[in-house]
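Please see the structure below; I have some questions.
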């Protein structure tokens, strides 16, 4: 049972990616970066993508000769990570270990809001800076933290954007169903979506939550079918989202618009075949939305890091598959940290914190800027969501198209058949 | 005149001293990582020692004992978060829901025997967890979390963690002392009589219903205090970690590993279990098979060393016998 | 002398089966009363009614003048009625000393643990089990377990001891020893009501003998009176071996 | 609240109830004969799912071949578990047998997690669907019911019509008396454990044709089995099957009336109440 491994601290197979740092003297110094990954448990798949993104960043920095500071110091990133098994208790024990035993310089986050919440407490307790790669929860960022920085667009915007998109597609939509996983992230998303839907004059005819790990969506889908909404919004993470979509399809529920969290942007979502067709998903990033240096100039901010195409190619070469937004998020977290260290000119926490507070960048992941307000310190304020839709080509093959925003659009949105 | 057993060696002071000295190490060295590990070990010692009172002494296998840990945790957490009550006060008040549930539910389910009781406790745990998952005033599935500023009144998050640790250590020591006192009191004799033969106990003048409920309540107090400390330190509480069935069963595993119905057994069992898990996880060759290995070891103990480590030690080393109870 | 225990019209039934039917008799304080009868006569059921395991359908059971029908067993035990069971029920994982201490601590005197231990040690000396005190009770042989059962009841400091076939299964030498034990218990002021198949023992020890047959009381009297009672002989004729034992002078 | 969902939800629940019932029958058979509450039950359900996965996705055969194979593997696995982990402590107190089977559970979970990972899995089975008047019943669910009923029937035929089955029942009724009659009770206990595990794995295999799963999916179904077994009376296979239907129906119907996430609260509350009021189950004998 997963619980057997809770906590226990101790060093699971550590992935030491970058070259081992050589000693103390003038040569390159090691920059230790710690995080946990969910090698087992509910968040396994998405966590793996995120870790791959982080690894790619570290590899590229190492190949490029490390992070070069103004005073001539060269920092080689070394990643230290453990398996958190998607459990909060374990996350806390392992972050304590990373900070105190492994003496990491900076922290990146685990994947998913629930785990980040747990990790953030430990990071904050120890005054370590943590850049969160894979968590969008708003509440976590409103807890008075001073050293936690969020790369993702906050959860509250996931479905509000989808509602705008939906009404742009078909203003006649009135009845909607909101069905979400009962975890920190999805609950936050739904909590923001409900008043927004109401403000748009929409009527919520089904409002349900389901436990993490649910596989039988029969009762919920029956309720949805009986209420006959025009649209279904919700979901949670990958596995449940995919299963939910399949159940909706099997029961032939008619809805013109279905938007699910997390699962649709992941390429393997298409494994369910026709059940995936026309389903919309909010995404933090898509390869076709090519942010570039020109756009940065236009927005009067600086561009940082590789171009989208280069990242995608390198990722494909390294891991044999296209990156998902979780991969790009992991990579972006590394970039954000790298830029802050370069700007600070040292790894002194106060200096890096100040640099992060000032940061306003355009990267391959999009624009990144953090709140400096005491109440929401570190919360992402500039990054924008992308919306994808699974669409069938003439030959019946399915693929994702970006349907929003206009700038990166690869196909117009279509109502679900 | 035959020599009366017990009290021949200062067993309790020695055991408490050993635990206290070990617990003091991270405070002296100031090693937070070790403090975290020992915090968890002391927590496990508390859980195992407590469940041993109802399961080891009284013979009632409680699968759902972790429910008291969760109730104490939630109770104290809510008091701290919503009403700003100081941790020490909240921890003590947090015991109230656990004790009430133990008394009321205990009176009902302790009428059941054997597997029926075990299943009922499992049902109570799962029902509580399912309820808390849906109970929005307590945060539902997401649970509750502190605003970080709450730690300011304790001199910052670091000293709050130290306060929680010291509290946890004291709870563990109190649990061990209580276990010893129960074991060596008339009350403990009544419990063991009930364990051996409840019908005979009645005829001998023991009131099983009241005695069992008292034992259940005692065994609920320390997990509740431990829950308050654990979640205060963590800063978040959610149903999954507060009412974890696996951890509940694990505390029984520790009891059996150390020696059912003994005072030292749960302490030794919890320490060895946690140490072993740490060892397995750190060993690269064994890490991925750590659960398998843990299972095999448990099976070996259950099948071949029914009296646990304490039993093995006492059989092997007669010199140790009088020091281990 | 007054009656310490008095049964008045006690009837115990299980569904339609009447196991004890309108039984009345007295047990005088300080006496030994033998309760005999063929198998299935309802003797153990009488004991179960007296110590509250079964609730009689009718009648009253007066202990020291107080009706104890309907009281829970544990209260009856604390009033001072202790029982040694026919089928021994030692607390197998506890030591012999602890077994007896349970009796001392939860019986009539409700002693504290230390005092209970001291009394238990004394009783073990008296019953010749002192050298076994620290062994687990499960490790004793049958004869020792019988003594343990008796020791536990005695340690409770009862006013009335219900002894259910304590002598069964013992060899003649052990029986002789136990008779001495009974006498000394009685001499210590404990009233004894005993179920026994060993007639010679019953007749030798008892001040009064009560005879049941098919749940009914058929005779009460001194051993000599009962032995001479035709109804008793008749009752035992159905069970020739019992009749033989009833009449025999020697085992 | 929308009563339009009542009929489809009740039907879904009832159909699923057959599979739940089958899993619970395994647990209750093991308890009835051996007096052991098998804590490895859920994990064996999960293993049944993986047999189907191996057959369907691995070997490319019809998933229902996997269901049959799961039963055979389950029988063998159950006997092995009994011989290795349970036989030696069969007369020990509950705690011992509970932890012995829990140890088996750990061993299987640990090994399976390492070898199979916890990645989500699904077996794609399309058996069509029956649709009428807003009610959709998937073919996979109907086939699962047919197989569950057939498996239960086979078990009954075995227990009541064969010599071996009667011997098992004799051991369940009174182990000592059965031994006096010349029955090798150990062999019957092992066989009962095997049959119970076979039922668990068959149920797991059927669930794999309905829902997605992973290595750790057994836990939910195990607790559900406990609820059902208590409802039907510990040790009563017929009770388990009926209990399964009741729980399935209860889940389906309550989900319409209250938020779906409250259903487990009701389920466990009912479970505890039944234990308190009628510990031998709604259908159990009062002994």
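For reference, chains read A, B, C and D in written order, and residue numbers begin at 1 within each chain.
Throughout what follows, contacts are C-beta pairs under 8 Å (C-beta built on N, C-alpha and C of every residue); 3 or more make two chains touch, one makes a residue touch a chain.
Worth saying up front: this structure is predicted, and the values here are computed from it rather than measured.
Visitor: Which groups of chains are still linked by touch once subunit B is set aside?
Guide: Without subunit B, the chains split into A, D | C.
Visitor: Which chains does subunit A share as contact partners with subunit D?
Guide: Where subunit A and subunit D share a partner, that partner set is B.
Visitor: Among all chains, whose Cα centre is located farthest from the one for subunit A?
Guide: C
Visitor: Counting C-beta pairs in contact, does A-B beat B-C or the other way around?
Guide: Comparing A-B with B-C, the pair joined by more C-beta contacts is A-B.
Visitor: CA centre of subunit A versus CA centre of subunit B: separation in Å?
Guide: 38
Visitor: Calculate how many whole Å lie between the centre of subunit A and the centre of subunit C, each centre taken as the average of the chain's C-alpha atoms.
Guide: From the centre of subunit A to the centre of subunit C is 78 Å.
Visitor: What is the distance in Å between the mean C-alpha positions of subunit B and subunit C?
Guide: 44
Visitor: I'd like the Å distance between the centres of subunit B and subunit D, where a centre is the mean of that chain's Cα atoms.
Guide: One centre to the other, that is 32 Å.
Visitor: Find every residue in subunit D that makes contact with two or more other chains and list them.
Guide: 105-106, 109-110, 113, 259, 261, 264
Visitor: Which residues does subunit A have that touch at least 2 chains other than itself?
Guide: As it turns out, subunit A has residues touching two or more other chains at 1-2, 4, 182, 209, 211.
Visitor: Of all residues in subunit C, which are in touch with two or more distinct other chains?
Guide: Residues of subunit C never touch two or more of the other chains.
Visitor: What graph shape do the protein chains here make by touch: line, ring, star, complete or other?
Guide: other
Visitor: Taking the top-of-page definition of touch, could you list the pairs of chains it picks out?
Guide: Pairs of chains that touch one another: A-B, A-D, B-C, B-D.
Visitor: Quick check: in the complex, which residue numbers of subunit D touch subunit B?
Guide: That would be residues 31, 35, 37, 39, 84-85, 88-89, 92-96, 98-100, 102-111, 113-114, 223, 226-227, 230, 234, 259, 261-262, 264-265, 267-269, 271-272, 275-276, 279 of subunit D.
Visitor: If we count contacts the way the header does, which residues on subunit C are in touch with subunit B in the complex?
Guide: Its residues touching subunit B are 51, 53, 72-74, 77-78, 82-83, 85, 89, 91-95, 97-98, 101-103, 105-108, 110, 112-113, 116-118, 121, 124-125, 130-131, 133-134, 152, 156.
Visitor: Which of the residues in subunit B come into contact with subunit D in the complex?
Guide: 55, 59, 61, 108-109, 111-112, 114-116, 118-120, 122-124, 126-127, 130-131, 133-134, 141, 249, 252-253, 256, 260, 288-296, 298-299, 302-303, 306
Visitor: Please name which positions on subunit A make contact with subunit B in the complex.
Guide: By the definition above, subunit A touches subunit B via 1-13, 87-89, 92-93, 96-97, 99-101, 114, 117-118, 121, 124-126, 139-140, 143-146, 182-184, 187-188, 209, 211-212.
Visitor: Provide the residue numbers of subunit B that touch subunit C in the complex, in ascending order.
Guide: Residues 1-2, 4-5, 184-186, 189-190, 192-193, 195-197, 199-208, 261.
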